[in-house]
Amino acid sequence: MTYTASVVGGSGFTGGELLRLLDGHPEFEVVQATSRSYERKTVGHQHPNLRAMDLRFTSPTELDPVDVLFAATPHGVSMERIDAFREAADTVVDLSADFRLGTEAQYDEWYDGHERPDLLADAEYALPELNRDNLAGADLIASGGCNATATILGLKPLFDAGILSGDEQVVVDVKVGSSEGGAGGGAASSHPERSGIVRPYAPTGHRHEAEIEQFLGCSVSFTVHAVDMTRGAAATCHVFPDGPVTKKDLWSTYRESYEDEPFMRTVAGGGGVYRYPEPKAVAGTNYGEVGFELDPGNKRLVVFSAIDNMMKGSAGQAVHAANVALGIEETAGLEFQGLHPVGAP
Amino acid sequence: MTYTASVVGGSGFTGGELLRLLDGHPEFEVVQATSRSYERKTVGHQHPNLRAMDLRFTSPTELDPVDVLFAATPHGVSMERIDAFREAADTVVDLSADFRLGTEAQYDEWYDGHERPDLLADAEYALPELNRDNLAGADLIASGGCNATATILGLKPLFDAGILSGDEQVVVDVKVGSSEGGAGGGAASSHPERSGIVRPYAPTGHRHEAEIEQFLGCSVSFTVHAVDMTRGAAATCHVFPDGPVTKKDLWSTYRESYEDEPFMRTVAGGGGVYRYPEPKAVAGTNYGEVGFELDPGNKRLVVFSAIDNMMKGSAGQAVHAANVALGIEETAGLEFQGLHPVGAP
Amino acid sequence: MTYTASVVGGSGFTGGELLRLLDGHPEFEVVQATSRSYERKTVGHQHPNLRAMDLRFTSPTELDPVDVLFAATPHGVSMERIDAFREAADTVVDLSADFRLGTEAQYDEWYDGHERPDLLADAEYALPELNRDNLAGADLIASGGCNATATILGLKPLFDAGILSGDEQVVVDVKVGSSEGGAGGGAASSHPERSGIVRPYAPTGHRHEAEIEQFLGCSVSFTVHAVDMTRGAAATCHVFPDGPVTKKDLWSTYRESYEDEPFMRTVAGGGGVYRYPEPKAVAGTNYGEVGFELDPGNKRLVVFSAIDNMMKGSAGQAVHAANVALGIEETAGLEFQGLHPVGAP
Amino acid sequence: MTYTASVVGGSGFTGGELLRLLDGHPEFEVVQATSRSYERKTVGHQHPNLRAMDLRFTSPTELDPVDVLFAATPHGVSMERIDAFREAADTVVDLSADFRLGTEAQYDEWYDGHERPDLLADAEYALPELNRDNLAGADLIASGGCNATATILGLKPLFDAGILSGDEQVVVDVKVGSSEGGAGGGAASSHPERSGIVRPYAPTGHRHEAEIEQFLGCSVSFTVHAVDMTRGAAATCHVFPDGPVTKKDLWSTYRESYEDEPFMRTVAGGGGVYRYPEPKAVAGTNYGEVGFELDPGNKRLVVFSAIDNMMKGSAGQAVHAANVALGIEETAGLEFQGLHPVGAP
């Protein structure tokens, strides 16, 4: 069976990634991609990898009826246009932050409030690994944020296993690529200023902190650095479990959480060059890698988590969620294994 | 129908790329990957993108019988082991230079001679765009070299259309990524020395010159530079046609050559950021892009050609050739459209 | 003796480089740096390496009287404001293209004409290696363009020695860094789109062609590619001398031209990693490196030339020219030897 | 007055940086650079930026008598050859870890013991900002490690001001460039594997932890990641002060510690692109930048510290220490302000 799909906000990086995935997906047919700025241009004009795709951007003001609408628009657009989205589609998958948090109070605290607090309870948060059961049949899905996804994937098994209770100190130090700045970019995103950096771009107060705290139930000390890659988010989580923890405990904890997950891999030590998770190993894919190391002298446990922010952290996660929502094979359209070697992912 | 396949030399970059492609190919099943250095290690040990693949390297001394054997070994190995390869497989696809040239004299001039000149006439050179008809049913295939492929794809249509005759001056200035140096590398390949370079790594006398001259029938002034990317080969061909040439002529020339080719695209001007071929736009894919610009003041025609050296310039081309040889759909296993954005490809 | 100096257009990359050089120069004192957009901000606000410098940008409309005014403004500004510049300073060094060409006809052909053709004959072109004698005491200096400088430095000795006469085919294939796009930049300059590229950014018709042809007296087939570095211009010149040329000829040719030049080095073969000129080896310095290789089979001579486009190709050259004009030690303020290793220069 | 100097281990990255600095230093004359592997080669053979320097490597077995000997040898060499070093020179500056720690017990715990524990008490640790008074006249100086230096510079003012007592949780998450791996490098350092990474290269147990704990008197949870740059170390220190802290407190704390320091800058917020310390802003210089941000919700203080690991973290620090030891102007030979823009530093 084939589902029709549209991408609202198709000219941005995330929109392009959705178009790539949906075009190669066995069960979806893309019928519309909107772009205010590039109306009537081919999608290949913005996304050179899609030069072979026969589709032109149309105005976002007229939405075709589809089975699934993916909204890849900046924060604030979905909450404003949500009625039009839901009218056009049975299932809406929103990739922005507009429906990720559960209460208006959270939006007042972390964002500039919310225009449609009445709908917040309707939306299902999509980290399928976290919330798969609720996604089946969902009609409004809020796809999880990239840095939140990396963090939650790394830490959640520790909470599930009782290694962390939520009272411990949790420091999360994230490193991300330039695609998180979007296709626009300003002076700070220009190549001469952006290349080779280790730049504290959200030293404190990153909005994804709210998502993490909502879903893990603990406070996190969260800092995000921009480094020289285009794709990728790597979260290093420094945590301090109360009780004793062994490597064996950790292996069984992560195995229990992820051994049946089609997109999760545990990488911790071993030989070769790639001994821990790193974004380069998952670039272009929907995989998430998690790993860990113990630091007994400091009673510390370090958890590493790596994803491609455009995939597992955004478009891939959205397609994964749509697959679950519609009852399609979870890995459909997401089989790409990634490249080796690849430069800056 | 499924064909069994093996990769000899599976731990190198090209071997890994073959394993990735064959593992995702609907008609192939990988039964063996050999590696002298990493015997008994998983393929994921060397190729982090293949961590999910359940296969371990075995010794190259015992070859399993297969339908197709891909040899991804250094120059000189295939000519030495060719009898064993052909005994193990009905079809041998060699990715080295060992069977690309037609005569022993060429190997004496460009390499250190040849051990099996008796077999040179048996081998079919694989640029499918150049030599498709001879590949069907071939049992010994010499997959074309990366820099030669980029150059030939850019220039061949000009010869076919009579815009070039072979007597003109042809300067080819190639820029390549670090994967061409292989997985080993020495001091010059180390990150601190290799990053950010524009290094004349084959100022003159590059061996691919022989391939180009053999298949285009003209002399080329060939220079290769290493630049900061891992994948990719971009050939800038400066040619000086005798007669008048218009843009319209060029568009129809390239259309005629490539409009039915599943992996070729012509990109010449137009809007957006990616107006000409560049490796980044085809990274990870089997596509080749060609484009051109006229310089009337100098009676010059500049042709740009870009491929992923690991794909269209190596493993992808080899799988494409095997598809043709076995009568499989040409694009099978090679459908990946590439990523945007991607850092250094 | 100390000369007062000002930089008009101080917030751009070239302006910042001038400020760095002049601030560290034993004979100059910077009294003014102008910027329309960053008036009253410290120079460190735009140039983080100059955070220790105690100077704020002022409006370009009021120019302080100085001994030397450096104009680092976009093309077209100097020709418009030249009277004000000359009123403010005894010596004006213009880093734009406004006074590089000799005739109005050239500006009509390559640019959009010229507002002050009456002054073109007054200006001295500054490649000190080309035109040192005329620079002494000059009051209007047009500092040579980056890509033209790289090319001229590579080829000029061949003309001086009679190895080239001007009738031969000359192909110049240049690779440049992102700083050539300036501090503004657009979509094509954003990090995700600009990293890892080999992009034909001036396939034909680059304006520096006019400078090269003016000073070498020959036509050049000129193509410029953008690659992944921020600083640097590398020119590969493919030339076809009529008569026989040996390596020994070339060594003596380049020695004769450059052995007394404080900023020129010949690098051609030898051992180690850096056997030919490359931008990385001269990043941050005012050095130019030239080298060569013979290709007897094609009767070709390949000349490599590498500079830092911000230094020898711009601000360094301007300071060098000012040193010559004022009779200061030529290397004053330009002694920096560069770094090793350095990433993308 | 001029002091004679030698560099033992001159062919490595740190050795080359020392040679560059000493060659440009007004008070030093380099009389010997040793290299076992490159004996009789010019220093420019290994360090292309030093092609103009007229010096050849000699065997390390015969040391010339000098005023100051800089040892840039791998860990373990200095402790073995220290008698020869001290016989050759009045002042020995060791850049390895061999004399940084105070007791044999520490070497037993963190390294493989020590051959000359009798000398540990004689050595002065060189972070001049930490230990300036003891360096004057010192004859055995242990120059601080790069990652330790970055960390100590960031945190020390907080201890001095009583904001931290040593009992609090301190997490230090460091990001470093590829030059830390040295000129040799293995598979993990090759460009294709090393570019674009965020790699946990010392997840726990990094030996610099010992230095930090020795000089700060507190435990640190220390993790080091390799990212895509060649030079640079950026330490992000997540600390949790017991009492209330304001931005004003922090500004006055850092001002008090560093306002008279010639190489320290505090960068915390403000406008422009570079609002916090980052390695790119200090690449090639001896500057250290520190900055901070408060996270009241988590009672956290985040301190950022950035240095060039080859300079402030190694060769620059060693020269700075020698300047102090000999009573030379502290900034002599270290005046370089750095470049903007610069790619990967």
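Letters are used for the chains, namely A, B, C and D, taken in the order the chains are written, and counting of residues starts over at 1 for each.
Assume contacts are C-beta pairs under 8 Å (C-beta built on N, C-alpha and C of every residue); 3 or more make two chains touch, one makes a residue touch a chain.
This one's a predicted model, so the numbers in the text were calculated from it and none came from an experiment.
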{"item": "B-D or A-D, whichever has more C-beta pairs in contact", "value": "A-D"}
{"item": "Relative to chain D, chain with the most remote C-alpha centre", "value": "B"}
{"item": "Rounded Å distance, chain A centre to chain D centre (Cα mean)", "value": "38"}
{"item": "Inter-chain centre distance, chain B versus chain D - centres from mean C-alpha coordinates, in Å", "value": "45"}
{"item": "Multi-partner residues of chain C (each touching 2 or more other chains)", "value": "13, 177-179, 187, 192, 195-196, 228-230, 273-274, 280, 341-345"}
{"item": "Chain C-touching residues of chain D, taken from the complex the two chains share", "value": "13, 16-17, 20, 23-24, 41, 45-53, 177-179, 228-231, 265, 267, 270-274, 280-285, 335-345"}
{"item": "Residues on chain B engaged by chain D in the complex (per definition of touch)", "value": "13, 177-179, 181, 183-185, 187, 189-192, 194-196, 228, 230, 343-344"}
{"item": "Complex interface listing, chain C residues touching chain B", "value": "169, 171, 173, 175, 187-188, 192-193, 195-200, 203-205, 219-221, 223, 225, 227-229, 232, 234, 236, 238, 240, 273-276, 278-280, 291, 293-295, 297-298, 300, 302, 304, 306, 341-345"}
